[in-house]
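Look at the two complexes coming up: subunit A is in both, with subunit B in one and subunit C in the other.
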Partner chain A sequence: MDIVPQLIVNSIIAGAIYTMVALGFNLIYGTARFFDLGYGALTAVGGYAVFYFYKSLGLNIFFAIVIGMLVSGLLGWLLYRFIYAPLRERKSSSMVLLVAALGAFTAIQAVIAILFTSQFQTLSTSAGNDHVYEILGGVITQVQLITLIIGIVLMLGMALSLKYTMFGKAVKAVGDDEEVSKIVGINTRVVIGKVFFIGSAIAGLAGILVGFDTGIEPTMGLSLLLKGVIASIIGGIGNIYGGVLGAFFLGFVENFGIWKISGEWKDAIAFGVLIIFLLFRPQGILKR
Partner chain B sequence: MEYLIHIGILICIYGILGLSLNLIVGVTGLLSITQAAFYGIGAYATAILLTTVGMNFFFAVLIGMAITAVISLGIGFVLSKFKDDYYALGSFGFNIIVYSIFLNWQSLTRGPLGIPGIGRPSLFGFTFSENIWFLVLSAVFLVAIYFFCEYLTNSSFGRVLKGIREDEEALRVFGYNTLFYKLAIFVIGAMLASVAGALFASYITFIDPSTFTLTESIFLLAIVILGGLASNKGAVIGAAVLILLPEILRFVGFPSDIAAQMRQVTYGVILIVLMLYRPQGLVGEYKL
Partner chain C sequence: MTKNGKIALGIVVLIIIVIAFVSMSGNKETGPIRIGFVGPLSGDAANIGQNAKAAVEIATAEVNAAGGINGRQLEVMYEDGKCGGTAASSAANKLINVDKVSVILGGACSGETMAFAQAAEQSRTPVLSYCSSVPTLTKAGDYIFRNYPSDSFQGKFGADHLFNTLGKKKVAVLYVKSDWGIGINDVFIQEFKKLGGTVAVDDGYDQNTHDLRTILTKVKAANVDALYFLGYSNETVVALSQAKDVGLKTTWFGGDGWDDPKIWSSAGKVAEGSMYSRVTSNPTDAFRTAMKAKTASDEIAGCSATAYDGTKIIAKVIGSVGTDKTSIKNELYKTVYTSGVSSKEISFDENGDLKTANYEVAVIRDGKAVVSK
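What follows is the complex of A and B.
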């Protein structure tokens, strides 16, 4: 059997998941200008919220997903309101924010492990008998197809709302220059707070979709986050289309990189790509 | 009593790690989150030399330091191209790459199986097989490295490093080759971490890749930041506090798997609280 079509499909699926993480991360970075690592843990929060409401309490699946997104969005907002916002107002250096975010990340991840044990769980109730489609000679499951569609819809939705709505314009203005935005009467704190809520909800959704596709564990956030960050950087940080391009680029490099070697090398390949980009093209594929 | 000796040895090992990272993060202001990689390289070098060649521990430490020096020189050179956030992110990447190598280069490291049966050090026919003597040995290493770090930070070399932390541009204007200084301290810090790795491998007599993850690097960062940046005393105090704190949690009566997660929560919360209320740490002399 020829392996190339399946590799292509796998790359696209990986790209779709990275797209979602990168979109949320890019939105937050583009506005608040710092690496929100706490964001990684929020993917696990979304996944576990759905696990609790859908599998343990037996709520309707769509309802559970909405709650999952709200929970991770709210937690993201709380992190901003009580940790990042005070630090930013004190004009702390980006190092301080990074370390605080690292702390938030570690703590959230461990709390999830305490509440739900660190065992690997799956969200899907019909494991193994998912609808399967054949595309280009490769196999794709229903969940993966949904992930791909949601990723593209989110990208377009985000690009359009940033361009045409008042809120989107305010977000862009804050990203360009926070001080000036304040002077012209934008309530930057509220705008950034909303951005954190939206971005974190997207992170939650990404975690939920990964949960339905493969499964969830408390430490899932780190690798997802890093992939999202790498995708954003190689695509051009702060640029929505760039992030998507970077995500698919990363998906392809990773999956074709392990063509001849063990799949365990994926993370090393991803960071290898990041370091090469940082050295030779730090502004990414597309500039902001 | 055995238990207290065990804690004492851990404090010595982590004290050395804290001192080594403090040189890089605290004194020079390079936010490196890859120290566990060098800790691991030291541990693996010693473990492999002891189990396969049967070399004397003290020679193995020296060879481990030499190997770490070469690798860290390469990594430090790449990282020296980055600044602030990107520096931290790039160092993240190297930790993950080195971890992948421990995990996947199975012919050398035995991958996830780890290396068992590492011998205790022996000197002139005397073997440090009892823990009390191992504690003495670790304490000697800790004290020697402490005074070495004190000497280094108070020398003219150390003053240049602090200058780099405060204003790298200004030092360049004065004609200092800051790249040389940054690389030198990065390599020295990495070599000291490899000594701690050798002690750890020989004390536990078993190592596997899971000890040298990114989480461990974050823990080491927490030690340095809690103790206080640029303070050698602080690095040792930070190590003692962060080793003892979870032991107290254990006595409160948490089951062991929850206690392990409680440790993570504690580190995370400590990082956040320090960033919010005391960015200079317990006895530190400057803020991030």
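What follows is the complex of A and C.
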């Protein structure tokens, strides 16, 4: 059997998930210029919100997904409004912000574990019985295909709205220079707040899709976040297309890397690539 | 005196009062006898840990209902080892140094027990693990015991069963990179090759990974007769469903980490017909009923029976020699425990390992594990 087509598909599946995480992270980082660790935990928040509304309360699946995105978006906004924004206005160093974000991340994870236990849960009601499609000689499930499509649609939607809408232009301006944006009359606090809401909702959606594909657990956020961050850095941090490119690049490197050597090398390969990029092309594949 | 000076003095006085209070209240001879429990109460293997905790609670309640140990109540301090070294090591440190327990029952995952074996050995605290199977634990120290068999038994049993009983000559092995997975993998590979079989794929993966597609694709490409999959609940559920996604159809054979009702039920149809080896157990009806009342499930997860027996063995040993740690250790080597729910006779060899171990093969049918004849 030829293994390559399935490896390509596996890489694309991994890339699609990393894309989702990288998109939201990139948006927040590109605007607020700070490393939002709490973002990782919001993936779990989205996943667990759907778990609660869809599996426990039995609501309609699409309705539950929308609520899941709103919940994580809202929580992201609250984190910004009540933790990050006051710190930023006090001109706290990025170290202080990072530690605050780490605190938020840990606290959210702990609360989820208390409410839902730390056990691994599956979101889909028919594990392993997903609709399966064959493309290029490899196999992809319905959920994975949906993830891929949503990732690409989100990328295009974000790129277009940043370029053509008033809000998008304001976001870009804040990302370029927050002080000058204030001077020309942009309410930066509101703009960044909205960015946090949108970015966090995307994180929630990423967590939901991962939950349908494999499953959720309170600690799922960190590994997702790290892969999303690697993707962003490889692709060019703050650049939307770059983040997506980086995500797929990472997916391919990881999955082809363990073709001939043992699977335990996967993370070593991912972080090795990150270090190589940081050393030799810190601006990433595409510059902002 | 300055304000700061007054505060400092106040704190010192407070500390003295607290110390005095603590040392007065802890009356050693009549208070409860404390033993420690370490197991994965959260995380990947939480189901096993929670079931074991339930079993220990049942055993403790029975001991106390029968008058305790020489009139003193048995009290168990439960600590979460999270199936990993860091958490288990701080849990054990707390039990040894803060709670001053006489014995630690645990940990469950091999990584947990290995993490604190040395600390326990140094503080001369006997450890009785009810679930750790890693071969290296055999030589971990004089105070380290287990009433669960070493993987050198299990890896050998797996190789023999796959090669001789099932007639699988070409296999793939995927193992979780924990002490447990690596331990069985090493023994299995050695034994399987000795029997004349071929190991086409031998890949490890990280414990928390949820993307096993590529290594499963490699297994599919290798066209093997069977897959020996060494994973805990989460990875196994994910792997079974992703194997179906990538179209891998083969005979699955798992280790005792599969002895968890979660795998049989949440993996649904994809787990149907899969087999795994587990330690033969001998649960009484009373134990079954008590466990069902605690866990609201008909199925008893692996290591619950050994956790129950472990508690009873410790109670018996403390009953005959008291709470001195070294006497407990010496007595454990001499103990022969016969009324167990895990196996009919439990006794330890000079390394603190079980003298004998019997395995059976279970098959997953309709979300339940049934013993294969």
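Convention: the second predicted complex is superposed on the first by the 285 of 288 C-alpha atoms of A that agree within 3 Å, B and C clash if a C-alpha of one lies under 4 Å from a C-alpha of the other, contacts with A are read in each partner's own complex, and residues count from 1 in each chain.
By definition in this document, contacts are C-beta pairs under 8 Å (C-beta built on N, C-alpha and C of every residue); 3 or more make two chains touch, one makes a residue touch a chain.
Values in this document were obtained by computation on a predicted structure and should not be read as measured data.
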When subunit B and subunit C are modelled together on subunit A, clash or fit: clash
Contacts of A:185 with subunit B and subunit C, given as first, second, both or neither: neither
Which superposed partner A:262 touches (first subunit B, second subunit C, both, neither): both
Which of subunit B and subunit C A:278 touches, first, second, both or neither: first
Which superposed partner A:141 touches (first subunit B, second subunit C, both, neither): second
Subunit B versus subunit C as contact partner of A:14, first or second or both or neither: second
Partner chain in contact with A:93 - subunit B first, subunit C second, else both or neither: first
Touching partner for A:104 - first (subunit B), second (subunit C), both, neither: first
Partner chain(s) touched by A:113 [first = subunit B, second = subunit C, both, neither]: both
Subunit B versus subunit C as contact partner of A:58, first or second or both or neither: neither
Intersection of the subunit A residues that touch subunit B with those that touch subunit C: 113, 117-118, 262, 264, 267
Of subunit B, residues touching subunit A in the complex: 31, 33, 78, 81-82, 84-86, 88-90, 92-94, 96-97, 100-101, 103-104, 214-215, 218, 221-222, 225, 257-258, 261-265, 267-272, 275-276, 279, 287-288
In the complex, subunit C residues that touch subunit A: 42-44, 46-47, 174, 177, 202-206, 208-215, 217-218, 220-221, 223, 233-234, 237-238, 240-242, 244-247, 262, 266-270
Interface residues, subunit A side, partner subunit B - complex: 34-35, 83, 86-87, 92-100, 102-111, 113-114, 117-118, 222, 226, 229, 233, 262, 264-265, 267-268, 271-272, 274-275, 278-279, 282
Partner subunit C, residues of subunit A touching it in the complex: 1-3, 6-7, 10, 13-14, 113, 117-120, 122, 126-130, 132, 138-141, 210, 214-215, 217, 219-220, 223, 254-255, 258-259, 262-264, 266-267
